[in-house]
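Sharing a structure, written as structure tokens. Questions coming.
The chains carry the letters A, B and C, assigned in the order they are written, with residues numbered from 1 in each.
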């Protein structure tokens, strides 16, 4: 913990800003709904697309609901679903990558071939096909998001793992008679954590953008649930007047994704250069 | 130039290159300033070659680069440097930086990496002349071909149209010298130009370099860690240690009457002698026998040959507690021998016997006990030790794996092991990246020792180390063998190292064993022609060695395309016999010295 | 090797490129199987869905037979594949028109948008990438780094929303809907495309610029660059004559990658600006669950991606003397 705080202190300004944003959104995702002034679904203001006021910090939306309350609950969906999806994607992708790196050659061939196939379907197209086929309930949506980014994570993790598995210290452990599980988990995995975390962070950003994009198109989270992308979509009619109801959630997404990007960039650069 | 009189040493009035109080500082990771070159002064008269010698971290390359006003990674150069009319802080064309590639040129250590892979060699060789406007395109090309010829490059007229990947390391190194000489510079800097080459190639390149340097009357700076190489190339030697000058004098004076302790240490380490007396290994049935091994990489065809065969029919025996050296140049297959014995590479033919019992070809079919008895140690401790684990974890795992020892007992054994390799027990909690190169190599050895093996396969374990550290590791290996009775298969490209440590030596050439026998038999001929080439190519610590070596006789016979069962050395052999060597496979001859050689020539012929 | 006759000299790269072509076709075949499996086999019964909950099992069985759903999956896949390759992916379930006809109306629009965006963003990306690389670690590089980092992370709809707010709502310069008139004048053409191209370009410039920087920096760290500097080569000559020729491979690959990213971005951009392209068509197909149309769109996007990668690979092979000589 101490070393984490020290590492955070050493971050450049952009990294500190990123860290601040990331921490802020994690806190919002956890505590947001408890501090929301109104239930997200209730109509509390006569005026639609109202501006900022003392009662409604971020104004009201196209139905007169409180934008701040809806944003707080939407952020939980966006951050939560994306985090779960990226965890699933990374576990599957990295798990398979380790199998490919220490397993027999044919397994590597099969896995790499299949992942190369999946990666040649652009991720948004792939997600659209999956949504069309399976619909977008919360569980399915999370799985779709995860599945879409398994091949990318696999590719990065495999190239890391294969590179490491060729190193002499793995060769020594192999010559000692160690099993494949030991090689994968004890010799290889610990040394790929840093670049892997950077990749997971980037993939989290992609997933947030994909989820928001899908919801913005009406293909993501379905009402009454709403993530940040849905909030942008439902308030598009307020665009002409520049309503806070559309600007706020869009800026919220951007501050989350930009924050993660800044943090990763600062954290990885400190070691690389 | 007015300030010069105050600092310049008096004896350097007419010097061509003058360096006074040079300091180079870099910013350390923690932000503090670190002085990597500290108050260095020297002068080089026109037409002389000065050698900068030292171990890694001595600052020798940094000094050489600062002569071009160049510093790596944001280092700061302070002090006064003058080359001809140009000075470090001179303006416009009078600055050192403006003379880069023009009046001052550079030959880098690894030509294979220093050539641009996507451009033809000729374009790159004449580029300095063109960008500095010292010659027209046609003149530069003509001059380049002359230089190619002077450097004894094959096909001087055509070689320039090749790409770097089509040429060998030795050829590229000479082409880089041509690139450095194309502008007829006043000062040429050679930065370890032969370190990456095989010893047999090194001789040719050194001879070519010395010829052109003398012909051109160039002033030179020769950076090297190898005193014997420097003795051939330089007029004066400057010995460096941690950025400071230890001694500078004429070559002969430094070699014969060194004034400084550090110089003496370097000289002693250049020719390793192991002090620990090891009793002669017990005779009787060998501990390990390798019989008729063939191995290679890539898919194996129906006749059991690998797509890229590396070893063909290699046999050798290691007695209990014996040390057997395997030498050969890069690509000879010497490391493959260790990989086959360790089970990392399954041979396509032949058997490996441990105590007379055949070992399974692949790892997974060997018992844990068999695995324990044979341990392997790799060359580069930086990649042989897992950076994620502490020293204690690395050693402890071996104890737990083979003997099931853990907890307190394991910690005690780890401390014992560390003591065995002369490291303090506190090292156990450290990670390897906190240790020095020599310490890491000791840990690398300790991991093998932790298994209490009968045989350790040492794959170039001293090659990445500085000479002084290398000598200490060799001494340690000898002591361990004396105290523990462990046997070694010691693989190296350096015959001096192998001679210091081993009882028996096997010479590999292109995957075949051309000579084997007791180490003492390698002190004098008769040798196999390849062994002869290998031994005579090792530079000696005297200034006239390179002249004495003379030019080797060229190969006698063109080898047929399909070498088949013929002698592998035929294409390079200076004593091949027409009608015999190119028609029949060579016989294995037993020599009186105890050595067995694979050659058509008789003992008397080989001795002469 | 270099002495070989000119004809033989090209045999090596030709074989390499041929290998890549075969590999790409094979991958496309696998992709088609994946897409058909996901959209044609897994979702359950299309007949059931068309007829709704109230249909009797006889009605469903009849429709299943009519639609060929009662035949084995492999047969259905092969027929579908043959139809796609033949250029006739069947009838749209919703528009009741041949899919081929709908797509042929829309595809040129998306290609125009993609081409304009490429034309607009690639020069900027090179500018950003090269500037950043040569000023590595200095203020310019750090500023560009943070700027591009932010641009990569912005959702397209935020960029589009801000663009509409600024250029359509406040300044009234540009239309918020992209309608290209018949036979447009160059002015009308530019006005119509300005906003979608800008919005798409933001992401492409940032992403491609970052990858170009990375490719150049990877080369700048190699020993031959230091050697060139020690030869007295100027910075400009170093970048253009020494470094870029070696970075061609990674850079063209980065370009293929960002162009495929562009298709993803087009999904949002076409929808926001109500632009009648292939991507917005695909979104409609998802909403209306029009599977034949969806499958055809997906296959076009995947084939385009593979084609781009293939072109990039070929360029990389031809740019590398080691590969070029086989």
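By our rule, contacts are C-beta pairs under 8 Å (C-beta built on N, C-alpha and C of every residue); 3 or more make two chains touch, one makes a residue touch a chain.
Owing to the predicted nature of the structure, the values given are computational and were not obtained by experimental measurement.
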Checklist entry - Measuring centre to centre, with centres taken as mean CA positions, what chain is farthest from subunit C? => result B
Item to check | Of A-C and A-B, pair with higher C-beta contact tally | outcome: A-C
Item to check | subunit A and subunit B: spacing of chain centres that average the CA atoms, whole Å | outcome: 49
Item to check | subunit A and subunit C, separation of their C-alpha mean positions in angstrom | outcome: 22
Checklist entry - Which residues, counting only subunit C, touch subunit A once they are in their complex? => result 27-28, 30-31, 34-35, 38-39, 42-43, 137, 142, 145-146, 149-150, 152-158, 161, 164-165, 169-170, 176, 260-261, 263-264, 267-268, 271, 282-283, 285-287, 289, 291, 294-295, 297-298, 301-302, 305-306, 309
Next on the checklist: With touch defined as at the start, can you tell me which subunit B residues reach subunit A in the complex?
Outcome noted: 342-344, 363, 366, 368, 371, 375-376, 378-380, 383-389, 398, 401-402, 447, 451
Checklist entry - For subunit B, which residues are in contact with subunit C within the complex? => result 65, 68, 70, 72, 98-102, 105-106, 108, 110, 113-119, 127-128, 131-132, 158, 161-163, 165-166, 179
Checklist outcome for this item: Per the touch rule, the subunit C residues reaching subunit B in their complex are 1-3, 222-224, 226-234, 237, 241-242, 245-246, 319-322, 325
Checklist entry - Of all residues in subunit A, which touch subunit B in the complex? => result 167-169, 171-172, 174-178, 187, 190-191
